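Letters A, B and C mark the chains as written, and numbering starts fresh at 1 in each.
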Amino acid sequence: MDISFIIVQFVSGLTMATLLFLVASGLTLIFGVGNVFNFAHGSFYMLGAYLAYQTVSAWYSNFWVAAFVACLGAGIVGMLAEFLFLRRIYGRAEEGGFQILLTYSFILVIDDIVKIIWGSEYKSILRPSGLRGSAEVLGITIPTYNLAIIGFGLAVVILAWLVLTRTRPGRIARATAIDREMMATMGVNVPLTMTLVFGIATALGGFAGALAAPLRSVTPGAGIEVIIDSLIVVVIGGMGNFWGAWLGSLILGEVIAFAVVIVPEWASVVSYVVMVLVLIFKPEGLFAPRSVGKV
Amino acid sequence: MGNRINYGEVVFWAVLFLGFGIIPLLKATSYQMMLASHCLLWGLFAVAFNMLWGITGMLSFGQALYYGLGAYGVGLMVRHVGAGWFLPGLGLGLVASVILSVIVGLLIIRVSGVFFTVLTLAFGQLAWQITFRWYDFTGGDDGIQGIIAPGFLSNRIVYYYATLIVVIASIWFLRRVSRSPMGVLLRCIRQNPTRVAFVGQSVRFTQLRIYVISSFFCTLAGGLMAGVDNSIHTDMLYWTTSGEVILMSVLGGIGQFFGPFLGAGVFVVIQDVVGAKTEYWPLFIGVLMMVIVLLFPRGLVGEFQALRARLKSLTQGNRGADETASGTAKPA
Amino acid sequence: MKPLLELQNLHKAFGGLRVTSDVSFSVMPGDITAIIGPNGAGKTTLFNQITGFLSPDKGRIVFQGEDITGLSRQEIVTRGMGRAFQITSIFPEETVLENVRIACLSMRKEALRPFRHISRFKEATDKAYSILESLGLHTQADRFAFELAHGDQKLLDIGIALGLEPKLLLLDEPTAGMSPEERQLTRDLIRRLWKEFNLTLVFIEHDMDTVFGIAQTVRVLQLGRLLAEGTPDEIRGNPEVITAYLGEEVQ
């Protein structure tokens, strides 16, 4: 394996990591702020991919318009799901378990509705014009679209970090994560905050789906694959932790990228092996500042 | 409470013994007997699963791992060793189940709540991935066909009664567990784990024990199912299988020991009636799950008990209707 | 006579905040000790360290002549240290009897028996009933714990602790949230339980009538350190305590 090959795989791992991070960070955000584990998060990713496909293929629209539609559509559906359903079971005694069931039922419903609308055959869309070529970096050929995705990922990380730490809504969201009741007594509209957080997180997922659509074929099963990978990411990184999600995505993206060439048949198993290793040595994830899940 | 006779329980055992016992005598078709076997085995699977969730408060999204292990224990033996190795395969699956559940359990009981659920799901999917990918050994997506129990068990009526006996014995055993000191301790863990530590019991160790016990019976159900369907498939390990057993449990009522068994029966029948008519079965069960979670969280048995308590207090002009209703709907 | 419980130079800090600093005292068998101090003095944190809920940063905890520092909660409990909680800690969806019986079973190492019906554990069941009788809860034995009145739930919490037949019983604000009449009843009850079960008691309390009514020794905590200790009369007359704490409460 020569060095240029390693770099190519590394970039492909970074691309995967970025897409994963867009999904996992949303998952983490919802979990951190609302203590809800959204099993259906992958379905919003898938929904985003289909919306992008629809916009590009049916309306011959520009890819970036499509990505925007995907973002908006997934976000709106996400907010509706939170507002109409999830909100009704906050604070129940069996909260944790029933939230999981509810978001699980979202998967079944969203996946099937997508199947009804778009059918179950594979769909694909072209890379956006201007990003179909490759770039030469140190004599190594790398698709420009991958570089663009990585760039977007970085931008989102920085933007999200700025929003969370520097803006008032961001600080409110973080404070709500720590003490919901306190924020409620301080006049913060906690339910609205939750709905918005849900919307932002699902919009991020939808955006990731749109970005991924030109790279992978769009299928109704895409959501489940992504949610399982994101799940591994949050287990590795530590649930509810933004930087943990980032690190976890990076580790998993690279591991898969190299496993695909070293043990092609078993690449998907390798990612679990990483998770098990982390579990053995740090059951609460690599980043676990809060003591979570302790009895 | 106390030593009063629980009529619901009497009805349950009567249905189990007599209702399921006479099905083969009624000239049931082999399809109807298969449905009945499905009710029994899914029922056992759901009751075993609910020992974890409804009783102990540990929601596992990965019990399909053990269910599939039972099926593949049998299937792999039959495929690689010989058709006569059905029962040794079942035994091997059960042994493997205990070993695996101890190892996995030790890894995952260190966290609780949603974290526990996520980890069970991850381990379940790992098992599914391995089975799916290892084509040469497991047959991958093709599954394994032609699994028929050997000797006198190959007669489907005999196999049906064997299944019935095993299911009755298993549920009886689990019922004993749920009413033993350990069963009470499990419920205490769900309600107040901190206090359990302060009565001198290890929460984790107790959780591990019930995880192993529950997994054992999930494996048993899966192994017997291989003989009912005569074939197995990787879907038995997939997370939707874990999801189905969860749905059965909430449908029947997780607060009651027997609720999941009823839920499994109702689910199997719905699946038979509706599943054949629509290709959008997942959509249907998704909506069903939403309706139960949002509107009838106590499930069939729980809502029935609450309703009965309410009627009773209405006829007696009792003002504490709500109190009685919530009181009797608590776990028995 | 050897002390039953001995704290030696306990230190505990949360971040930069010292919640326990250099606390040492010993409790003789049969004592009734009250721990008082303003809110935030570190009383509950001290309890948490004694019972193994938290481990101290420095110092030793000796119980019945053995070092129990750093042992788990279960181990400490099984050595004969019971605890009732400030915020009532019971099993709400179990019956009153079951709440106490599980502790009695645990004490007999029968709590993990998986097969025999729980009511057939005669000895534990009888013991649980007798504890309920001592607490006056036996008439409600078959009710669910969540149905009990607040005061009765507090008693049940104590009942669970008694089920372990502890030598040392720690009570965290046993009369919190009670009316003056209920407090009087609880005081009488605590004194009676102390005699009946041969207990050594350490309790945290804000209600001064309770403190001076039943304690033999009073220890005052302030900002994590032991400010004063002595008989109730000595504490009453201690000028430091009066300025630091009693001043506002007693007059």
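In this section, contacts are C-beta pairs under 8 Å (C-beta built on N, C-alpha and C of every residue); 3 or more make two chains touch, one makes a residue touch a chain.
Quantities reported herein were computed from a predicted structural model and do not represent experimental measurements.
The chains other than chain B, kept in their positions, cluster through touching into A | C. Greatest Cα centroid separation from chain C: this falls to A.
Put simply, the C-alpha centre of chain A and that of chain C have 49 angstrom between them. The distance from the centre of chain A to the centre of chain B, each centre being the mean of the chain's C-alpha atoms, comes to 32 Å.
Separating the CA-averaged centres of chain B and chain C is a span of 42 Å. Shared interface positions of chain C, i.e. residues touching 2 or more other chains, are not present. Chain B has residues 194, 197 in contact with two or more other chains. Contact of a single residue of chain A with at least two other chains is seen at no position.
Partner chain C is touched in their complex by these residues of chain B: 1-3, 176-177, 179-185, 187-188, 191-192, 194-195, 197-202, 206, 209, 213, 323, 327, 330-331. Partner chain A is touched in their complex by these residues of chain B: 53, 57, 59, 61, 107-108, 110-119, 121-123, 125-126, 129-130, 133, 193-194, 197, 203-204, 243, 246-247, 250, 254, 280, 282-283, 285-287, 289-290, 293-294, 297.
Chain A meets chain B in the complex at residues 31, 37, 85, 88-89, 92, 94, 96-98, 100-102, 104-109, 111-113, 115-116, 228, 231-232, 234-235, 239, 265-266, 268-269, 272, 275-276, 279-280, 283-284, 292-295.
Listing the residues of chain C that touch chain B in their complex gives 51, 72-74, 77-78, 83, 85, 89-95, 98, 101-103, 105-107, 110-119, 121, 142, 144, 147, 160-161, 163-164.
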